Amino acid sequence: MTFLQFDKTQKQIKKAVKDFIKGEFKKEVINDLVETYSFPEDIWRKAGEIGLIGLNFPEEYSGQGMGTFESVLVAEALCRGDSSVGACLSQAGYGAGLILRYGSEAQKVDWLPMVAEGEALSSMAFTEPGIGSDLELSTTSAVKQGDQWVINGTKSFVMNGGPLSGFYIVLCRTDPDASSTAKAFSSILVEAGHEGIGVSDVGSRLGRRLMPLSDVTFKQVKVPLGNLIGKENKGLEQVKTCLNEIRILAAAQALGIAQGAFDRSLGHVKQREQFGRKLADFQVTRQKLAEMATKIEASRLLTYQAAWQFENNQRGDEKQSAMAKLHACRTAVEVCDESIQLLGGYGYMQEYEVERYFRDAKVAEIFDGTQIVQKNIIADELV
Amino acid sequence: MTFLQFDKTQKQIKKAVKDFIKGEFKKEVINDLVETYSFPEDIWRKAGEIGLIGLNFPEEYSGQGMGTFESVLVAEALCRGDSSVGACLSQAGYGAGLILRYGSEAQKVDWLPMVAEGEALSSMAFTEPGIGSDLELSTTSAVKQGDQWVINGTKSFVMNGGPLSGFYIVLCRTDPDASSTAKAFSSILVEAGHEGIGVSDVGSRLGRRLMPLSDVTFKQVKVPLGNLIGKENKGLEQVKTCLNEIRILAAAQALGIAQGAFDRSLGHVKQREQFGRKLADFQVTRQKLAEMATKIEASRLLTYQAAWQFENNQRGDEKQSAMAKLHACRTAVEVCDESIQLLGGYGYMQEYEVERYFRDAKVAEIFDGTQIVQKNIIADELV
Amino acid sequence: METTATPEFKQLHSNVRKLVKETLNPIFEKVEKEAKIPEHIADKFRRLGLFGMSIPRQYGGLGLSTIEEMSLIEEMTYTNACFRSRVGTNNSIGSMGIVFDGTNRQKEQYLPRIASGEWTTSFALTEPNAGSDASGIITTAELDGDHWVLNGNKIFITNADTARLFTTIAVTDEKKRARGGVTAFLVERGTPGFSIGPTDLKMGFKGSHTCELVFKDCRVPKENVIGGMEMVGQGFKTAMRVLDKGRLVAGACALGASQKIMDISIVHLKKNLASEKSRDALQAAQFVLADMATQIFAARQMLYHSARLKDEGKNITNEAAMVKVFLTETASRVADSAMDILGEEGCLTKNQVEILLRDVRLYRIYEGTSEIQRTIISRNLLKN
Amino acid sequence: METTATPEFKQLHSNVRKLVKETLNPIFEKVEKEAKIPEHIADKFRRLGLFGMSIPRQYGGLGLSTIEEMSLIEEMTYTNACFRSRVGTNNSIGSMGIVFDGTNRQKEQYLPRIASGEWTTSFALTEPNAGSDASGIITTAELDGDHWVLNGNKIFITNADTARLFTTIAVTDEKKRARGGVTAFLVERGTPGFSIGPTDLKMGFKGSHTCELVFKDCRVPKENVIGGMEMVGQGFKTAMRVLDKGRLVAGACALGASQKIMDISIVHLKKNLASEKSRDALQAAQFVLADMATQIFAARQMLYHSARLKDEGKNITNEAAMVKVFLTETASRVADSAMDILGEEGCLTKNQVEILLRDVRLYRIYEGTSEIQRTIISRNLLKN
């Protein structure tokens, strides 16, 4: 029996990310980004240069030929280093998942290197106003006209949209007469900059403030038929498989956020005094640290297990992915909340970062399916 | 990278325990035991015969030559089968841990086969009235007189004491002048039946009702000097190492209890109806099942990881063991509590077993160190 | 206790507190072990009028206000829960059907005997597939001349072993069910065709018994329909009103137990603080205690505020549901965390918390589970 | 609101509710975005007397009872938290030192200006290494002729950017500290040697500002010791009384926010229930709502019961600590679970819950963290 042993490559990756964070995650730089709500463009391009984006793309497409597990390690480490910048870098390549898995050779050649090298962000345009995780209620349509798809509709909460985006993968209703919603949708690649695309920022929000987040409208947007990803009317299944992986990566981000907040509060309580004693000397402080560390450890194991399952099964284990997302995000929210408390008044100040970790954690929990949604997924497998 | 794969032997063991439970854990038999507060003597002897006790003893002492990890798998499976009987069988050999690890060849030859074959129970006599987990406050003394130790004192919450017990491992103060408590204690093997030993049942209790649980007094009890386990005045360290392993086994029991309660409630909600629908069809029921399953999965991973660490380090990782105990026991209490709720009125009835699982879970959480104690241990490693 | 209480009530309250301290508490574990309330204790309850706390004075009860009744229940449950349970059905589910909807004749015939404690009563709603909903009830009643003929089984019926009178809910119109097809009957012990099963083996509440009831062509006179023949089909409403009343009671019981558990924990913690153990190592336990106290404080204010509203004539369906869910869950949380303070000693039955932990678990289940309460609460919040 | 309220207060209460609904709520997000309360809003507060709710009538305040004050605060926080915060220091930590312990001259000189809102006030206790304990205070005051000379730094001081008067706590006897060595001073803005740092960047409460204060050989006249020279060394007691008073206020603020969050969640859930989504898929969200409502109900009863006790002249140190810990933690729990109902939309600032979630987080930290409250509660329970 063996249990969770990292191989040499994985150790190297962990080291590389650590070095990258040390070199590039400068507090002044990040403070500036946070104050101006700006995407960490320079850091992103550098991450692309050294291969931290699209780690799981094959080498011929500028990737590292690795798997979900390694992507998890990188996402965890980046978000531990900084919850907001880490999220931007980890999610830069999410939208390419469908191309990687179902796309044509031409689509791969066109886009995967761009994403991996930090030349373009990838965007997923799945959900729509008011439907949350119920993607089968989507109404955006794509209709064939000659050799083109004509797309109309509005997608909401689209990440990575706007000037840096290379393309959108849009979930479109392509068979309005389908007998079941499972056969009604296709995913279609829409290059950014097409006429008819309207991108409007969703505005001020709780967390993930550095990442572009927009409502995107498609008005008579025309793309070649060849922009279909994989098979026609298989879109919902494709998207669901990708979301399964994304849940694991979201868990990894949450795990890193939790660990990063823990690092900061541990450092704080070892240094600060109250009533003439170090905070770390109070039993109640110690009990909190122990609870936090236990939750983080459990989240780590659930996340790694889900990643391992995803790599070793074709589609992964939906239950395990949802468990990882549920547990790691809850852990992140609770650990960050407790970190604010451990820092006291300082915890409420932006300078001490844990409040930002908390906000990013809470958004991570809500996006890609709330707790209720994750539990629904788990229960569907259990019962 | 690999993650938690069982080898062939482990799979065989899991199968063997499953068969054993199917054959020996008869509901009528267990009901009788529960009603009469009786130790499952027949089942225990049979478990000894097929090698489920002392699994981690070397083969020359009638063991299976396996490790902590396999003991964990067995404890989990047995407690899943029945929370009370499972606990009795899993703990039958706990007291032999000190002999196995520190005992002389003669002690091993004398006692390990007896324990492994289900001929004698092993008892640990560590804590004392009012001191809880603070073993360094023990006052039971052992004084050398000629070629004998003379032992005086009272030990409380001693498991496996009484007629079936082969021996007690007694933590005794052997150097009253020691500069530190770390050097003041020795562990001494006292054969059951020695003159001066008084065993009195602690009386009715919340859970673990089938297991003998007693206060044991030692009045001028005389044993040969050779009954010292390992080195003189190293008792506290020895005991702490063994408790580290016991925490992992306690976690495994709690894990099994949680899983057993989950099995029963899942079966119930799939069968029972309310408001004309299966309970399992209500979203709220499903959400609860998902939460329970997630906690169980996290506990399983923490427990397996701690076991794996214990096998691969000399002393194990105290933090990981405490995390496993903390998390698995809390999970067991919460899952069993929720199981009672899912069964409603039936859940409150003894016949449906989950109330007993709950009581056994709560005792598992309190014994071998409460939540507060486990968190103290974890924090000591963290800070 | 309210400062506005009458001198009469203050005296009663003080008598009950004295009884609990001097008579009931000393036999706390004995009741658990022997699994019954001694008859001389029931006699004391009778003399104090405690079987009829909520029954109108004109029928021999004490006619207490809701606040007064809750206040006494809180006192009575500051010990083994089964004492209060002995008088529980007569004050609540076993009598309220008659009080709310009974005919004058039924009131005159039964209430005095219930109030005096001469007769113990029970309430028979639950069936193997029916908790608080009417849809699963299988027990039927068919009219045959001057009698209704009952067939079916009821389970988990509190005080059934000693009760003389059973408010029994049965289906009289299979199609209408909750909408006019369910009827409440008064069934006396000894009615031919009505038998009572053995005492259930439960997790706790050992001194209070529940049993199965079996109706096999059991003939009940027409006049035993609660409220008379014009109330045929209205039994589900009666049952729901009866359960409504029980919610505050369950809360008060849970509150008394919570307070008892906390006070035992305080004694233990003080002992530890005075011992040679390090005070620093008890900070966590002290925080556990602070959280217990805070929840109990919240619980108490919810209960008495709701009782006051009820005495003012307000509809408190929603408040009562919130009281039940919060107070009964608080009791479980308090019992659970008391064990962190008490450690291994807390697991022993001689430490009363062990008994209370098992007892309070019932409150979250009976007379409408926590899930039913949450359904009621959210429905009220979301209605227009 | 209490049914026994005076007509005068009922009118005020109704005016405040109207103001919140018609004037404050429409600029909820504007206050967040522009990070300030517009002056014309402060003027409205002045006209209603809201800067002097808790200041005695003889000094131009409204002289409200505790219940009345809490009731108004609950109303005022049923919107962006910063509106209430604008008048907060004047009603609480910024003025209470004078009200409790000030000399007549200090009261006459300052309270009318505070009550009218002409002057805004602040309270300066917290330092980099000192929260609610005296042991870490480094700011010192030394007597030099007719003046005290202050040196040191204070942090996170609410309303410091606009305040004219600062109740400042400093060490006057290094050896005695909390036992007679800490003194409370009234320091006016503009006093030489006293400067105010830039506005802190915080998680929330954007429309309410905190700053650092720097005292560098700042000379304060002898008569500015709160209570006069005989109160030298008594400042820690004054500070603790001031914080005591703030606990119920923090609870009331948290309650107003909790109610607002719940009401927004109800609107959202009703919309979902009316949409094409399956009602079955919303059962979990409904249970989340039920738990919010139950906690808020508990919270409200705790607050007003404690306020009533205070108005009756009781010592409510323990109750106030329980109110603070329960109500402020309830607000965080309510905000956290509201997100389960609101989903992604809840993360947007235009949905006000996003703002409230960040704002209520402060209540568990300021004026005595939850941990300080738990220490107070358990100490009270365990003392003999």
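By written order: A, B, C and D. Residues from 1 in each chain.
Just so it is clear, a contact is a pair of C-beta atoms (placed from the backbone, for glycine too) under 8 Å apart; a residue touches a chain by one contact, two chains touch by 3 or more.
This structure is a prediction, so every number in the text was calculated from the model and none was measured.
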item: Longest centre-to-centre distance from chain D, chain (CA-based); value: B
item: Pair of chains joined by more contacts [C-beta pairs], A-C or A-D; value: A-D
item: Cα-centroid distance, chain B relative to chain C, in whole angstrom; value: 38
item: Gap in Å, rounded to a whole number, between the CA centres of chain B and chain A; value: 42
item: Centroid spacing, where centroids are CA-atom means, of chain A and chain C in whole angstrom; value: 51
item: Residue numbers of chain A (touch at least two other chains); value: 283-284, 287, 372, 375-376
item: Where chain C touches two or more other chains at once, by residue number; value: 281, 284, 287, 371
item: Complex contact set, residues of chain B against chain D; value: 282-284, 287
item: Touching residues (chain side chain D, partner chain B) in the complex; value: 280-284, 287
item: Residue ranges of chain C in contact with chain B within the complex; value: 33, 126, 129-131, 133, 135-136, 155-156, 200-204, 275-277, 281, 284-285, 332, 336, 339-340, 343-344, 346-350, 354, 357-358, 361-362, 364-366, 369-371
item: Footprint of chain B on chain A - complex, ascending; value: 1-7, 10, 69, 266, 269-270, 280, 283, 286-287, 289-291, 293-294, 297-299, 301-302, 304-305, 308, 319-320, 322-323, 326-327, 372, 374-380, 382-383
item: Residues of chain D defined as touching chain C within the complex; value: 266, 269-270, 273, 286-287, 289-291, 293-295, 297-299, 301-302, 305, 319, 322, 325-326, 371, 373-375, 377-379, 381-382, 384
